[in-house]
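What follows is a pair of complexes built around chain A, which joins chain B in one and chain C in the other.
Let's turn to the complex of A and B:
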């Protein structure tokens, strides 16, 4: 895991027992995770236990720690990577363990947070169809063409909605064929 | 053969055939198993060929026959040279099947094995992880939202989504300056007012995006700087700060030049004056920010004219304002009047503008002329002053000589002594100077040498440093690569099944090699024996020939004289002929015996193939097919 110089510096400050004693370190790491996970946390660094630390230092450490955590989750770093990174920043072993356990605790939430950076199309959960047969219209005496009224139930972010459209048989066949293709390529991708 | 069979069965299992544990040799293979194994191997070797074949034996005879024929065809397509037909699969005999399997196993592609040996790199790992994830998600059934458990949340209900939207963050540190150098106000801002980074973006969803982007940009900037410093910075022999400031100055100069070139006032475009004056302002401010406005103060004429037009601007504006104010009360006049008035005003103003610009140009020309004349005048002044000083000097000299004239002889002597003394002094001083000079020059040379030495040494060290940097980078990269490779291999090793005992294989191979060696030794022994025998035979025949020749000669000599000897000569010749015949016969017998043995072997192999029984079976098959066909025909007729 590559870290920039400023992040490294912040982590080194965080590791310094003269700046953060163990208690404030614990509180600080929890606050960092909270600030990342929970939507609004205005007074992140206003904890009474952290009052005696210089605010500038605190903010720098906060930036560094949040960046480090996000990078770690982004790269799905295992324990050895994280601990080697933190040991490079002169962390003591107990502090590494503390950070790692809270990281594990919050990992699903953080992954959720990162995976929400996405533009995913809605999920199709159900489909209903109706056959419509057009015998004639105002222009033609004899049309005699079937068409399908399709309604797809979709779901996106827990909210469901409907997509309605009508199509001719060829278009429907095309759609079905493409869906089959998609399913097949997904299958193939899972086997490679 | 056991070894071969075991290896064969193992390879067939790897190719995907389901072979029971208790099947230990090819002899125990049933027809179904053979067909399945062959089809699986064919599928691995050539998917296009193998996918058309079913790996289970159908019940109907004709279908079996067809499958057998197509299998045989496929095997021949792949390159099998031996005799093969549908009976090979249905009525197997061990050696044929074994040779077929050996051929197929040989043909099995090794790439799959090799690919797992080779490091497949990061992307392949990622691909595999993605495949595993897709597989896992595919295996989970879809659940309606109300039935979902929290574990399904990640894969099935993909929460609210946001696009990647990064916002610039204000950070409580500066990448360029150390925190001590920051002004007090900035530090105070950092301490008291700056929000923590997670609260800065307007939406919480863009926090991770902003943080990640910030980090990546810092990283890439650092990387870029490093590569530049290593390639160019080190050679310039400057400290990083100096190098940076020099680069900055260079860039600023270039930008300034470009801007100035673009901002040259064009006489034909009046509308451009406004923008050019803006540019000039920008240039001014630019110069103020940079190392000092000394670059700009040189371009005085340009800035002067610019300032001139710029200061005129407010006056003009004031005039216009006044005109507008005077026009305001009469706004209740008819619109046409207003329009006419406005037009008149406009034309008047334009005229004024033109006049002013013409005037300005004239004034500019005047200024130019005047500056040139000022320069000329000042040059002249300087020349005059210089000549004046010269003249004053000469006047002083002349006055002194005039003073000395009355007592010429005395003064001449005095002067001569003075001159002599001074020349002596000069010589003395020169010698002294020489004395001082020599060591000084030596010192200077020495120092120069030292300096050049140092320079060369420093350049050498620089190159060394560069090499070291390169080496460090290379080894770091290598280490990283190797580490990732090690990790990957470790995971692969963990996932590998451990049933294949490598040592057993090697043991077996070694045993086989030992056996082969022994056999080879025996063969060479036999060969040498045969060679010895051949040699002996050759020697004996040679001896015989020679003895015969000698006796023949002796007896022939005597035969002319003696009758009985002539008879014995005849006998000798007959004996010799008979003996050669005998030897010939023996040799013939030997070859015939060998032929017999070959033929016997051939018969054995033919017997081993059980041709007769196979033919009988084939005949039965033929009958069965005919029966089936007739039954089908009857059905058709009934239908």
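Let's turn to the complex of A and C:
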């Protein structure tokens, strides 16, 4: 795992028992993970148990630790990679284990977080429909045709929008038929 | 349902009784052509010169036919009602039959043209799909994320517009179920009753 000099320095400070005793280290790492997975959690700055540490140092260590964690998750680093990296920063075995355990515990959430940072077309989340029977309009009487109004809910980058269109029964059958083809292929692909 | 013709309309159509039935047949053909492809005023002048009548009379005759055909098609006037409706024009039996044939032969197509004028939302045209498995991204390596990319083509007036969308396998299943429910609803007794009674 390649880490910048600033991150390495921050990790070294975090490993230093003279700056973080074991209790502060445990609280600190927990807060770091919380800050990543739940956006509205307590900050490491101003935490009563960490008050005695210089706030600039605390900020530097926080940046270093989050960078390290995110980089590890991004690359799906195994235990030996994580350990050797932390040992390079002079972490004691006990501290390595503590961090690794928390990392395992939060890994799924962190992966979910990172996979959401992505550019992709609008994602369909749901579909709503309405069935109508057109009787007449200003240009044509006795139309007497059923028609559907379909509304696809989509999401992109946290913003949701809708795509509305109408279709006849035959067109809706065509649409569903093609979606079923896709679903069948998906099923076959997952079995092979 | 009988067609109610205005005095002005009757006057315009009156010109048809003054010309040969072959000419009326030709006018009918032009009227239908104009309905399909839009009108072309140059034709009026040419025809007027040949018949040595004012171009205005030809224009009124053809436009009168176009109006007669669109109104009858719009209201879906029956064969008998059409015959009764044109009776007030006082045309010969031959001319009436000619108009009836013109109407019956073109009714379906004229209704289709009129149907396109109705206000409507973008219409479904086609759907293309592709299966993808996302393997890696800038923010996260070593992924295995199946996804379905859908290209939905919608018809909006004269133009086709494609929208590229994506969804995951379980949402795709949900979409299929939901839309199948929509299709099944059309076969429900409630819908069938309404469809049967509004004819």
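We adopt the following convention: the second predicted complex is superposed on the first by the 114 of 192 C-alpha atoms of A that agree within 3 Å, B and C clash if a C-alpha of one lies under 4 Å from a C-alpha of the other, contacts with A are read in each partner's own complex, and residues count from 1 in each chain.
The rule is simple: contacts are C-beta pairs under 8 Å (C-beta built on N, C-alpha and C of every residue); 3 or more make two chains touch, one makes a residue touch a chain.
Because the structure is a prediction, the values reported are computed rather than measured.
Once chain A of one complex is fitted onto chain A of the other, the partner contacts of A:59 are limited to chain B, with no touch recorded for chain C. In the superposition on chain A, A:108 contacts chain B only, with no contact to chain C.
When both complexes are overlaid on chain A, the residue A:118 reaches chain B and chain C alike.
By the touch criterion defined above, A:49 lies against neither chain B nor chain C after alignment on the C-alpha atoms of chain A. Look at A:146: by the touch rule set out above, it reaches chain C but stays clear of chain B. Once the two complexes are laid over each other on the shared chain, residue contacts for A:131 go to chain C alone; chain B is not touched. In the superposed model, A:2 makes contact with chain B only, not with chain C. Of the two partner chains placed by superposition, only chain C is touched by A:182; chain B is not. Once the two complexes are laid over each other on the shared chain, residue contacts for A:162 go to neither chain B nor chain C. Residue overlap on chain A between its contacts with chain B in one complex and with chain C in the other: 74, 111, 114-115, 117-118, 120, 123, 125, 186, 189-190. In the complex of the two chains, the chain A residues touching chain B come out as 2-7, 9-10, 35-36, 39-42, 44-45, 54-56, 59-60, 62-63, 66-67, 70-71, 74, 108, 111-120, 123, 125, 155-158, 160, 186-187, 189-192.
Of all the residues in chain B, the ones that touch chain A in their complex are 127-128, 130-132, 134-135, 138, 142, 144-145, 153-154, 156-164, 169, 171-173, 175, 179, 187, 190-192, 194, 196-199, 204-205, 207-209, 211-212, 214-215, 218-219, 222.
Residues 74-76, 111, 114-115, 117-124, 127-129, 131, 134, 137-143, 145-150, 152, 154, 163-169, 171-176, 178-180, 182-183, 185-186, 191, 194-195, 198-199 of chain C are the ones touching chain A in the complex. Interface residues of chain A facing chain C in the complex, by the touch rule stated above, are 73-76, 111, 114-115, 117-118, 120-129, 131, 133-135, 137-144, 146, 148-150, 152, 154, 163-167, 169, 171-176, 178-183, 185-186, 189-190.
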